[in-house]
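Okay, so chain A shows up in both of these, paired with chain B first and chain C after.
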Partner chain A sequence: MGMDSTLAVQLLIQGVLLGGVYGLIAIGLSLIFGVMGIINFAHGQMMVMGMYISYWIFVLLGIDPYISLVAVAAAIFILGWLIQYTVVNRILDYPEAMQVLPLVSIGLILENAALMLWGPDHRSPQTALGLDSMWVGPIMVDTSRLIAFVLAIIITFLIFIFLKKSNLGKCIRAASDNRTGAVLVGIDVDRIYNMSFAIGAATTGAAGCLLVPLLPISPHIGHDFTLTAFIVVILGGMGNLLGALVGGVILGVAE
Partner chain B sequence: MNRLHLLLVLILAVLSGLPLVLSKYTLGIFIMIFYYAYLGQSWNVLTGYTGHISLGHALYIGIGAYTSVFLAQHYGLSPWVGMFAGGILASLVALILGFLGFRFGLRGVYFVILTIAFAEITRLVVSHIEVLGSFSGIFLDFDPSFRNFQFRGNIPYYYIALTMMVLSLAAVRLIEISKLGRFMVAIREDEDAAQALGVNTFKYNMIAIAISAFMTALGGCFYANYIFYLHPDSLFGMGLSIELILRPIVGGMGTLFGPILGSFILTPLSEVSRAYFSKGGLEGMHLILYGIITILVVLFMPKGIIVYVRQWLKPLIPERKGDD
Partner chain C sequence: MLNVRDINVFYGDMQALRGISLEVKKGEVVSVIGSNGAGKSTLLRAISGILRARNGTISFNDRNITNAHSAGIVAAGISHVPEGRQVFPNMTVKENLEMGAQFPHMKKAATATIEEVYSFFPRLKERLGQNAGTLSGGEQQMLAMGRGLMSLPQLMMLDEPSLGLAPLLVSTIFEIIEKINQLGTSILLIEQNVFQSLKISHRGYVLENGTIALSGTGEALLENPHIRKTYLGL
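Let's turn to the complex of A and B:
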């Protein structure tokens, strides 16, 4: 294998690995859109919140981001639930255009809250596996990217199982299919909406954890990720979860 | 002339006299009030009247600012001419964006994403062009003269900004009472129905976005020559796009006085709170306040504060058929 093709394969693999995480971010966005028809313009900012929580758990308690992932996802779940309960539930019947503004505002609030609390500096923690890499034949793979990819795939898979098999997951799919029908068969649609938004949020929070060892954190990177998630979701098809994963990988490779 | 007109003339007279009594700092706040009212009004032409939300209007500010400054620095063209070159360029870009959006029927959220994408792409392109100052931006040399659009002190800027605001008000009023305005409102209320009734929605959407972009770009030129510094992140960034739409939303979208009212309420709040909070080490606090205000307005006063003001002013406003 020549030098150039080795490099190409290496870049391809790096892209696919990062793409898995992009896919995870986008799945949250896609889930929220699929169920409620709302585009979460605060998605990237919620992810940054997850990154900061993970960062502080690591700095203060020395717990690795891969382990704190569950706690961070839970925290962002609660954040998402609150956002849905206080704001998003009230704008579901608004014209599409007016739904954009409150969510953009929430993004603005989260971004500047992060700025106020933690300052504008870029922070990159030295996690245990941060700079490790391993060789597969002639190809070098960042260990943290590989772990991020594997965890992203596992989480995606768990979400699929959850939506297909669990009772709550079935209710979410029912509400997303037909709101009136779901109300008629006795599903508490408001609660389902809260759960969907919160799960979408938790997913992006988890993705944030996976990115902590990979890139420096700053309050202003959020809206780039909101855009990334859009692109991924549009590539894969709005509301299509598997498409989001594929779109993520395509974008990761394209980068 | 009715009583409402009289009130407006009175307000204008007071505003014209203010530089005689106000300090330089306070005048600066008024300049920003007029500037943001003007930008809000420009955005209002597109979003307020046709209902297509643009979250990338910073794009046109940036084009206006960069074009006029580039032409002045490299070709010695007076910004008074350059601002119209910037306006035309902005209109052309807007027409490309509009063609993609309106021709292919991108509505609602998809149109929003398109506007964001255009602004972001332009920001990144400008950040990599050497003659436009790349990442670090362009500093303007201070060479005060009328021809250079640069002045000592705030008073000339005050009158220019005031004039721009009044002219934008007049322009939007003209649009509102013309056939164009009626068609635009028809598109906002129900685009399919308007089309079914024979309105060429594509054409009027394109006209609306071109006018809106042109007006916004003139504002960008003013800003460049007032601040003397161009930076791609702040001129093309999403922050500015959000900043400039808050005032018309809070005041009342799709109304003549909404953007102005919104600016008179929010701009002083923003200027004072920015100074106050950053002194206390709380940078970003004023943006959090913005976010909270926007959410509250959208949730509880979706038609804007103008609705309430109209009620107070009811005795002054003559009965009209088909109120806007």
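Let's turn to the complex of A and C:
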């Protein structure tokens, strides 16, 4: 294998690995859209919140982002639940153009909260595996990218199982498929909406943890990721979760 | 069992129901007939809590359920098989049925109830792993009724179950409604197929412009000259 093709394969693999994480971010956005028809314009900012929580847990307690992932996902789950409960449930029946502003505003509030609390500096924690890499034949792979990819795939898989098999997951699918039908069988659709938004948020929070070792954190990277997630979801089809994963990989490679 | 007293229902400023009173007794099949836009579906939506009644009362087994939460009304024993079926298209037939059993006592009985549903609608059993969106209109109607039975209703409200179905299937659906009734479930039926529905009904109400214009036993209504002329074209 020549030098050029080795480099090409290496870039391709790096792209695919990062794309898995993009996919995970986008799955949250896609789930929220699929269930409620709402585009979460604060999605990237929620992810940044997850990154900061993960960062501080690492700096203050020395716990690696891969370990704190569950706690961070839980924290962003609660954040998502509160946002849905206080704001999003009130705007569901509004025209789409009017749903944009409240969510963009939430994004701005989160971004500026991060700015106030932690300043504008870029922060890159030196996690245990942060700069490790390994060689697979002539190809070099960043260990943290590989772990991020594997965990992203596992979480995606767990979400699929949850939606397919669990009772709550089935109720979420039912509410997404046909709201009237769901109300009439006695599903508490408002509760399902809260849960869906919270799960979508938790997913992006978890993705944030996976990115902590990979790129510097600052309050302003949030909207880039909102855009990334949005592009991925468009690539994969709105509301199509598997499509989001594929779209993530495509975008990862294209970058 | 079901007692509707003087309810008024509005869509925004437009009044859809004006002082409607109606009753379904235990074991009865009751039809509400009327032309498009007379307010038939609105009546069912108000009973099942999707629409609010501005005033008047709805009670079920002597409990006031006026403007209660839809889930509470399902739990109380009323199931609403809506117009247009409203099945879950991307879920399988079996999952659709399972979704009909939302509360603990329904879930406990679910396996047995599903078998009962299959005995009414053998077609559903053949298609249990198929997505509901791929079913024919008639099969979706069967599925919507089957899903409605999963909540072990004491009263089943059916909104236009024969709409858009082939004539042979229409007769089948009406036979099954009678069968469900004979097994102890009361039925409140809304239909444009006036002849078939009055034939299987103990009593009926005629809804015109949001008010009850006529009521009586199924037989009496079938012989009423106004109904014969306006709804049966005889």
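The rule we apply is simple: the second predicted complex is superposed on the first by the 255 of 255 C-alpha atoms of A that agree within 3 Å, B and C clash if a C-alpha of one lies under 4 Å from a C-alpha of the other, contacts with A are read in each partner's own complex, and residues count from 1 in each chain.
Going forward, a residue touches a chain if its C-beta (ideal position, glycine included) is under 8 Å from a C-beta of that chain, and two chains touch if they have at least 3 such contacts.
None of these values were measured; they are calculated from a predicted model.
Q: Would chain B and chain C fit next to each other on chain A once aligned, or clash?
A: fit
Q: Now for A:Lys170: first (chain B), second (chain C), both, or neither, which partner does it touch?
A: second
Q: Once the structures are superposed on A, label A:Gln126 by its partner contacts, choosing first (chain B), second (chain C), both or neither.
A: Neither partner.
Q: By residue count, which of the two partners contacts chain A more extensively, chain B or chain C?
A: Comparing touch counts on chain A for chain B and chain C gives B.
Q: According to the stated criteria, A:Gly181 is in contact with first (chain B), second (chain C), both, or neither; which is it?
A: A:Gly181 sits against chain C, while chain B stays out of touch.
Q: Given the overlay on chain A, how many degrees, to the nearest 10, lie between chain B and chain C at the CA centre of chain A?
A: For this superposition the angle at chain A equals 90 degrees.
Q: Once the two structures sit on chain A together, report how near the CA atoms of chain B get to those of chain C, whole Å.
A: Minimum over all C-alpha pairs of chain B and chain C: 18 Å.
Q: Residue by residue on chain A, keep only those touching chain B in one complex and chain C in the other, then list them.
A: None.
Q: Would you pull the chain A residues touching chain C in the complex into a rising list?
A: 170-171, 173-174, 177-178, 180-188
Q: Given the complex with chain A, which residues does chain C contribute to the contact?
A: Contacts found on chain C: 48, 50, 69-71, 73-75, 79-80, 82, 86-91, 95, 98-100, 102-103, 147, 150-151.
Q: Can you tell me which positions in chain A touch chain B when the two form their complex?
A: Against chain B, the touching part of chain A is residues 39, 87, 90-91, 94-102, 104-106, 108-109, 111-113, 115-116, 120, 219, 223, 227, 230, 234.
Q: Of all residues in chain B, which touch chain A in the complex?
A: Residues 47, 51-53, 55, 107-109, 112-113, 116-117, 120, 238, 242, 245, 249, 282-285, 287-288, 290-292, 294-295, 298-299, 302 of chain B touch chain A in their complex.
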